[in-house]
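Heads up, the next two complexes both have chain A, just with different partners, chain B and then chain C.
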Partner chain A sequence: MSEKTTISRASAVSGVAAALISRAFYGLMVEGPALDNGAWLSILVGLALALPTLWLFRRGVGRSARLLLAAALFVDAMKALEGAAFSESCIAFNHIPSAVLALPLLAAAARCLVLGGDAVGASARIWMRLFIPALGLIVALQWSYYRPLWLTPVLGHGPGGILRGGVRCGLWMAMLGGAGMALCREQVRFERVVRTLAVAALVTAILILLRLMMAPACLSGDMGRALRLDALLTNGRAPLLLQLPMIVIWFVGLTHLLCFEIWCAVALVRKRS
Partner chain B sequence: MRRSLALLLIIALVLSGCGQTVEVEDQAYALVLGLDARGDGGVELTIRIPRIGHSGDSDSDGKSSGRPYLVLAAAGESYAQALEQLQWSAARELNLSHIALIVASEALASSAAFPRLIDSVAETRHLYTTAAFVVCSGRARDFIEGQETILGAHLSSEIAAMFRHYADHGYIPRASFAELYYATHSCYSDPTAIWGFPDAGELATEDQPAAAVITDDDARLNADTLTASSRQYRGAALFLDGRMVGRLNGSETLCLRLLTGRVTGFGYAAAGEGLNLSTLRSPVRRVRLDGDRVRLQAEIALISEDPADPAVLRAAEQSIKRDAEALIRWCQQLRADPFAFADRAAARFATYESWLQWNWRERYAQADVEVSVSIARGGS
Partner chain C sequence: METPHAALLRSRLSDDLEANVQRFQRILNADVNSDAHFRYFTTGEKRVCLIYIEGMASDAKVADFALRAMADHPGAENLETLRERVLELAQCDMAESVGDIARAVVTGMTALLMAGEARALLMETRGYPARQVDKPTNESVVLGSQEGFVESLRTNLTLLRRYVPSPRLVTESLTVGRDVPCQASLVWLEGVTPEGVVEALRARLMAVDAPAVRGIGELQQYIEDRPWALLPQFLQTERPDRAASCLLEGQAVVLADNSPYALAAPVSAFHLLHASDDGFARWQYGTFLRFIRFAGTLVSVLLPGLYIALIEHHAHLIPMSLLASITEARASVPFPVFAEILLMEFSFYLINEAGTRMPRQIGSALGIVGALILGQAAVSASIISPILIIIVALTGLGNYAVPDYGFGLGLILYRLGALLAGALFGLYGICAASFCAVTGLCALRSLGQPYLAPVAPPRPHGMDILLRGPVWRQGKGGRS
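Now for the complex of A and B:
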């Protein structure tokens, strides 16, 4: 039974990293209000803000803290579920209720509860190996469309916007990093946790920069979540043939995030010590 | 038993999409979308759709068996209402995901209602905004009705190939609807659209010569060329804050392309001789700040494809320089910046707020202009 409520160190590292990349990118570029050019700085600010909380977690997480963490993960998992269902609706299935679209995703999450955290972590490792060549293909085909000048003004909406985004990123990092530390079967060094989150933050920052170079910040009026998703996936500048790999990356990322957060939430509740 | 159940589940998941299948012939694939203004402030939409299964071949008597494309139109008080009417008019599920061309009439593109219409079109579900964007003289509906394929059988591939050819040679700008939408809402440069016009013969009547309807440049082009198509594309429409504010003729559009991108093989006459020129490298654009004064600098590097007289090359350099500076100054009067100078100026600021407070448009309008052109002698 303890195998179902703990996770190996390797699976924790890959699971947390993949989940954080998906969560931060979705949260900063699609879900929330547009941060635009400052978004890639927000993720780095978030790392700094999350470190004190993670420092407290390194000596173990008490039952109250585990339950609080579980609740936060569950709420965030529902946001990921809603985001994935919304994406499905926007891309193809706008005539189907969101609740129906969410069912296969919930089935996948339920299956992960049965398979255990190591299976979720292993799938994240496989996904990372596929993600890199897929991203390489996308970058190569979009290369001539990138406009580096659209990354300026560098601070975007200014320090206030960057800090607001940083607080959100910090919460996600603390939540996912703390869950990984609490559920890891082996002892995890704090430096390893920081390194994992730093690498994930760096990858997210690079993805954000690539996205910003494809479509400029739209300042006159809020684009809305649907148009922000559209600007990411089909933005009208990238070759249409890239839609398929981009949609695959998008949905696999959100599905992993959902499954990992659901598993962590349930495991934290079931864990006895 | 468990394996059978698992297999059944996998099959069910894989085939679950089949319940929503729609036959190709049950959909109306719009290839061209037209936007017109109605006199009462409403919007008229026109689409061109292919007849599925129609080959356009002659029947056994050698007569044409009918047009391969249909044109449908619908109007409403708003874009949403017009689109709803079009759904009814199409008598099929309207599929907007294959639109290759969006055409707006000049009257609509110049109106105060157009910026909002740009948003409405961009927000339309499954309308992919990679479509080329054209502003036409006259009505978009008339323009679309007169479109025909020339070399190939498929209008969508014909449009793509034609625009790629025209843009490579500097006849038109590279303009998609997505670029129009992003540039309208961003804080950088202003977008352009492709300018389209019908054949002069179509417009001329007993009471009204073609020259009264289309500009001298377009009429001259019609008179000097023989084309199979009754729809011509040459020139550019300039936009500012989502409204059309001006037009560039063919030579001005070539200058625009030289200042913003690469042009492959264009003819240029200088000192009584014709030259074949190409872009040697991408143009360099800079924005220099001298106190409150702004200087716009551009460097165009070209190469002559034939070994030409150096004196002719120098004359061509001076001529292109004059044309480019005149174009930039004219756009300055309109406050429109299609040259991406704003993108470079914005890099000097840390936040959007400071950039917007600097009031780029007024500084752009007052800026000094310097263009340098160099033509390397090639073909030896």
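Now for the complex of A and C:
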């Protein structure tokens, strides 16, 4: 198999996990519609909803399914690209068109197409190793600002909202997990796929809980994407300097997501069997 | 276009002594080269001619071990008798090819031609001046050996044999360079170095198709996996203890004549950030030093870009007191931050380059000029801000903390990329640039091995990547 259209198992695990954490967190906490306190439950619901689809993928993915998956990944990648450009516009460059702000990530994605999936997955692995200490630093610095009481009401906007969020999460998991399984060079056991997605879901849930403890939920209306991003980066009480590691985590995570999805989409189209 | 005397070099000796001598006189331009000598001698009934290059061959060896030996034992009828019973030299080989003989003569060996013989004896009489083993100039350590490689390949191989006194140490001789051959050696430890590594490196060395290879640095560029990459894929060291350590860890080493460096591969980025005395200090201090070095590397690459990103695009992230101080310091600076940084970087590397090339007698003056006049004067004239001097100084220190010179040079270019990304797109640009850089490193290979192994892809490894674990837990040494 060509190395340009396949990925090793280790790289697939890292790439899928990093991409899913970024996608789910961005989708549930910033992109909207707002789920607030129920978001962390949505990710768990999404895992349960994705498993049957992934069960079907374990026997192989036909050409039509690959093309459909590729299209879905490409559309989602464009959403991630738009989200990254929007984030940058909010943070610093509100006077520059989004198309210009998207150029660095497009360049990164193009480079990933040349370098191959193994490089993208290996990069994700390194990122995961750096992400945990960075997150630990953030938690340690912001520890005094967390309010566990703000996790209530636990169901947020209610079971309907949780289920809607769960469906979206399930789609992302099925998409990324299915792509990883279809493009993996080695045989992947279903249990390994489930474990990878479960760990990624758990990490995302923890991130969501941390974010929810930073600011009270706004259940009476929709804050809008810009305010949700602002609430993510700062809680209005912690020093602004603490935004620095969070901005880095945010952008690197979105970059990984975009590049992994674009590589998977192109590889699925190019793959012959 | 063929090189001069190509046909002669491809020919073989005849049994006519004069015809053979004339061939070599033409090849060595004896009518012009005053150092090419043709010494005729008669031993018994046989006429012989010694061919050597003055200065490359030792006159004493030629006189004592060849001429005197033949004078003391006349009557040798053929070259075999001379070699077996007369000549008192440790190495004495037969050769028939004119090209091989000519190449041996210009490296300091002496050729002995005999009338009626279509062969020649090549005698080891090398005696050219060579630098003595001295302290390494570019890889200083506090603890550990104070010997460095020299320009003589034979001496370097001897140094390696001293550090790895094992019968399993193999030194395979090779020649690289089509027209002007350069002697090289491929060294490995049998049973430790994987055979695939040895074969791959040997194949690359044999495939070098250059007219001449001027040194180990040039050779490295011919045999690297990706010569276009910014970072080296071979470790270049002037320390025999470091090269020996590489051999013991399963890497192969390449040495070349006239180069006081050795190449080792396969390597990872982590190898290039390790220093040879990491293993000599206690493991706690070794680990601490590695953290300092890794942090210095990150500072070297990212600090200027982060500075410009924060100042230009994310000033709200800087604490107010620091921001006020920076703003006050920059109030009278007429240049934008980006221009200021570029100016300082250019000045720093100009001083660096001048310090390297400047004659030693006036080199000390450069420190005074660089530090006092350029730095202090520039601040006094409000051309640059004081904080930028600190930024550039820290960046330079971080760069010089990298043990591998080639790796440090590559980091400079990464730094410029991060600087540009930070200037254009702030933290977002730095994140994208860092992602591109790390992904590129993940795709890079050294002799087929991933450059960031064993971190990515994950592989079982001992405690010797970032943490320098206790040596008794690392399983070092020649494996059986």
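Everything that follows uses one rule, which is that the second predicted complex is superposed on the first by the 271 of 273 C-alpha atoms of A that agree within 3 Å, B and C clash if a C-alpha of one lies under 4 Å from a C-alpha of the other, contacts with A are read in each partner's own complex, and residues count from 1 in each chain.
Throughout what follows, contacts are C-beta pairs under 8 Å (C-beta built on N, C-alpha and C of every residue); 3 or more make two chains touch, one makes a residue touch a chain.
Given the structure is predicted, the values throughout are model-derived calculations rather than measurements.
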Of the partners chain B and chain C, which touch A:I206 in the superposed model: first, second, both, neither?
-> neither
Per-residue contact with chain A, leading partner among chain C and chain B = C
Just chain B (first), just chain C (second), both, or neither: which does A:R147 touch?
-> first
Answer with first, second, both or neither: which of chain B and chain C does A:A198 touch in the superposed model?
-> neither
Who does A:C218 touch here: chain B (first), chain C (second), both, or neither?
-> first
With the two structures laid over each other on chain A, which partner does A:A84 touch: chain B (first), chain C (second), both, or neither?
-> second
When the two structures are overlaid on chain A, which partner does A:L155 contact: first (chain B), second (chain C), both, or neither?
-> first
May I ask you to decide whether A:A226 touches chain B, chain C, both, or neither, giving the answer as first, second, both or neither?
-> first
Check the residue A:P104 against both partner chains and state whether it touches chain B (first), chain C (second), both, or neither.
-> both
Is A:L240 in contact with chain B, with chain C, with both, or with neither (first, second, both, neither)?
-> both
Footprint intersection on chain A (chain B / chain C) at 93, 104, 240
Chain B-touching residues of chain A, taken from the complex the two chains share | 36-37, 90, 93-94, 104, 147, 149-150, 152-158, 215-221, 223-224, 226-227, 234-237, 240
In their shared complex, at which residues does chain A touch chain C?
-> 8, 10-11, 14, 84, 87-88, 91-93, 101, 104-105, 107-108, 111-112, 115-116, 118-120, 122-123, 125-127, 129, 239-241, 243-244, 247-248, 251-252, 255-256, 259
Note: in the complex, chain C contacts chain A through residues 313-314, 316-319, 421, 425-429, 431-436, 438-440, 442-443, 450, 452, 455-458
Sort out for me which residues of chain B touch chain A in the complex.
-> 13, 20, 119, 122-123, 125-126, 128-130, 176-179, 181-188, 340, 343-344, 346-347, 349-356
